[in-house]
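Which chain is which? They are A, B, C and D, in the order written, and residues in each are numbered from 1.
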Amino acid sequence: MIGALSASVVKHGWRSVRSGGLPFFFAVLMTALGMFSLTAFGTVLWNFRALARAVGESVAAVAFLKVDDAAAAEETRARIQLTPGVESATLMTPEEALQRARRGLSGSAALQASAGLTMPWVVEVVPRFSLEDGESARLELVQRIGALDGVDEVLHPGGELKRIDALLRLLHGAGLFLAVLIVLVVVVVVSNAVRLTVLVRKDEIAIQKLVGASDAFVALPLLLSGVVQGTLGAVIALVTSGIAHASLARVVRVALSGALGTFTLDPLPWWILACVIVGGALLGAVGALLSVARFLRTSS
Amino acid sequence: MIGALSASVVKHGWRSVRSGGLPFFFAVLMTALGMFSLTAFGTVLWNFRALARAVGESVAAVAFLKVDDAAAAEETRARIQLTPGVESATLMTPEEALQRARRGLSGSAALQASAGLTMPWVVEVVPRFSLEDGESARLELVQRIGALDGVDEVLHPGGELKRIDALLRLLHGAGLFLAVLIVLVVVVVVSNAVRLTVLVRKDEIAIQKLVGASDAFVALPLLLSGVVQGTLGAVIALVTSGIAHASLARVVRVALSGALGTFTLDPLPWWILACVIVGGALLGAVGALLSVARFLRTSS
Amino acid sequence: MIELYHVGKVYPGADRPALDDVNLSIGKSEFIILAGASGAGKSTLLRLLFCAEQASSGQVILQGKNLARLSRHEMAKARRSIGVVFQDFKLLPALSVLDNIALALEVQGLSRDDVVRRCLKVLNEVGLSHKTHQPIAALSGGEQQRVAIARALVVEPAVLLCDEPTGNLDAERAREVMELLITAHVRGTTVVVATHDPALLSGGRRRVVALDQGRIAHDAPAAAARRSDQRFDAA
Amino acid sequence: MIELYHVGKVYPGADRPALDDVNLSIGKSEFIILAGASGAGKSTLLRLLFCAEQASSGQVILQGKNLARLSRHEMAKARRSIGVVFQDFKLLPALSVLDNIALALEVQGLSRDDVVRRCLKVLNEVGLSHKTHQPIAALSGGEQQRVAIARALVVEPAVLLCDEPTGNLDAERAREVMELLITAHVRGTTVVVATHDPALLSGGRRRVVALDQGRIAHDAPAAAARRSDQRFDAA
């Protein structure tokens, strides 16, 4: 009896998928679009953190040491390395520092005088980059390093960092806003699509009720079709974004790699993809549940 | 006759709006969401160009002059100003230049030696910024300025610019991609929503055909309801984005102003808003037309 | 008025033709009863006259026009001069009685006042004035059938096609409806009524065309009460 | 089996009650004909028995249960033991004949094999075996009516409610359908048939309950052919 009933539920679910016609494909399409946007955005966000890290690391601070020999310099470097908030600290000999200064001190007018220049030992400090830390955290780090034994002075490229920071913040903010919008749209679209399926099938449901169908008998196929809608949408979205990724990744790499070192657009990890599919199914189920519940209440 | 017929068309249009029920409000909602996304994105893009300009202008090149007096320096500045691709050129006396060098030559290790530094006359050059110009255009500009009489050497902050450039490019690319996606979604959603209205009203339309309604009599009310859907959606979108703008503009200004000078999030100009409304109405009409045409063909 | 030459109709996927070599000539202002068992092809024949289906073979001529050759526009125009009572009524359950009947007039571009006036008149004739603003869903089966008849009559059609117009009516109501049809007939309308109602068939005062499995089984001209404005017709 | 005590029904927005102080007792395995003019309240009474409407006043008892007190679940269960032929058929035009009939059995959780077997059997009984896989929309009015009857019979119901089951059938078909109903009756089913068909009313071999404007006008016990398994009932 239970077996036959559930077979019949599956059959009716499949029929409602088949006969759902336009609203069904509409729902699948919309779910796919929404999920695709989410995935695409997720990929950007995912890689955005990598991007942010790359940008952050390329903006190093420089500590000038007041030491005389390599051993003392190495000791100071080690001490800087251990300071909280420091990602890495690299030692440069005075010669290397002078080379660097000669080579690429862009934005500086001091090159003119560099012929008669002498340099101290220098440590290049890469701060641990995080978007959440404000300007003050960074200043504090500079002061902390400056207070260390053997460190003469610390310079850090405030202006440049601030500017990139602001851009990254903007990206992040706009991104969150977009994400919320997309999730809202997907929920509304899917639940409405299922409601439309119910609307289109309302004659059939009315007759089922007349011949004595229980609420479960009516609701389960609709729920099933909602889940199928959501899952199908999610799968299509993943396939599409896979294709998009394959074709776009090269473009993005070529466009960005010059400036920021090798930058690759990684695909999302498998567990996020799994979440997208489960999320699609859930969205479909919730949408179906909402509209079916409302429908059962109003019809008798 | 024509008068009565058009009155009847309006009446039927209104009835199809009223009886459209769920699909109608669904369509309006979806159009509103789509249009809202478009408007929000448009605002970002609109202000993004301002942002890009601000970023671009803050990244100046520096020309060192080989002149001795203020008059010759001013003459050279004027010549630089006239070079194509130069947005502005500002003269600095050697003393000012030295001050600048002492103050904020961040990322440079040359400060140590600046005590014995002498500076020439300096012109700060702001290139006309545009995203489309590549690195080569900028190099060409530097060379062109460097070749001018009285100019000794031109330095420009290549690395920093490249980095910001890459970010801006990314934003722009992702933005275009999103815009295309949103337009697609809006078109699909609206045309499907009208198709669903047709689906829900198909009994009524079938009976109208049976009692001798002409194609126009059937199609015009549907077209009207499509236009109403689209327009209503666009208006709702504009109102919503107006509210969103009012509440977000302050936040954005506060977040960005520190780094990039006073940066305000301007609203879109009125003619773009008008385009959004007309676009909504058009989308609705096109969606309606497509589905009505298809429907008239299949039913007799 | 109506001429059928060797008309056949085979529905796609059907095992046998619904109509088979039907020849029929109906004069202007005739009153014809179309008899036949369930599935004999009565509704199919009416659907052909109403351009709801195309004949598979043969020719259907209505008011001098070959229905197979009508453009969409001409077809719509032709339908406006035909009143049809459908076997399943084809009413809109959510709309009021008035709006359902008004549909047939609005399509012709009449002003709202004219539409309402004529609707109320015909509603009065079918005895449903008290239901004017009720939705169709709130009517009994017989009341719905009378609304369907009212919608067919309201356009004062040149041809009136009635498919089982008294199936849901008691004897009393059925007689009233038949009188309405006869009134229309007297005004000059060509009336074709498909029915199994023995009360309508009996008496022999009307021309009865009987269908059997898609063929005309017999075609008995009216024995008596033949009206002067009726032409004789070669069957 | 079925008891109505002072039952009244006023539809919201209606000018007069559709049923007014109706008292009726129908015994197990009785065969009742519900007569009355169009709009008398026949369908309304059947709708009350079927829980499609709630009585405005009075009590409706079916198989010992007060219908006003049933939970949604109990109501669904009660409906599974009732077969109904609706006046407007309530079939799904897009589904096949088989699927339409199967609906009534699927709801009960039968296996597909059982469902198909019983559907084919009942389709054979109503003479529509050759239409099994046709969509309802491709059937004539009378054929659709027989599908509706088949769907009511297929569940082998304890109570069979038929609203105008022969309105679209010719005399021959109508007699066949009546014989099906009588067969069910002989098997022990309580049958209530609402009709205006004079052929069904005449003869006086069945108990006829006549409604007039929502009130019981007369209730004539069957004059002859009373079956042994029928109880006498106080009207």
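By definition in this document, contacts are C-beta pairs under 8 Å (C-beta built on N, C-alpha and C of every residue); 3 or more make two chains touch, one makes a residue touch a chain.
Computed from a prediction, not measured in an experiment: that's the story for all the values here.
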item	value
Approximate Å spacing (C-alpha centroids) for the pair subunit A, subunit C	67
Separation of subunit A from subunit D, taking each centre as the mean of its C-alpha atoms, in whole Å	63
Inter-chain centre distance, subunit C versus subunit D - centres from mean C-alpha coordinates, in Å	30
Chain contact topology (line, ring, star, complete or other)	ring
Pairwise chain contacts, counting only pairs that touch as defined	A-B, A-D, B-C, C-D
Residue ranges of subunit A in contact with subunit D within the complex	1-5, 7-8, 11-12, 19, 203-204, 206-215, 217, 300
Subunit C - residues contacting subunit D, complex	11, 13-15, 36-39, 42-43, 87-88, 130, 134, 138, 140-143, 145-146, 163-164, 167-173, 196, 198-199
Of all residues in subunit B, those that touch subunit A in their complex	22-23, 26, 29-30, 33, 37, 40, 44, 51, 55, 58, 62, 64, 97, 100-101, 104-114, 116-120, 122, 155-160, 162-171, 173-174, 177-178, 181, 184-185, 188-189, 192, 195-196, 199-200, 252, 255-256, 258-260
Residues on subunit C engaged by subunit B in the complex (per definition of touch)	50-52, 72-73, 75-82, 84, 86, 90-92, 94-95, 103-104, 106-112, 151, 155
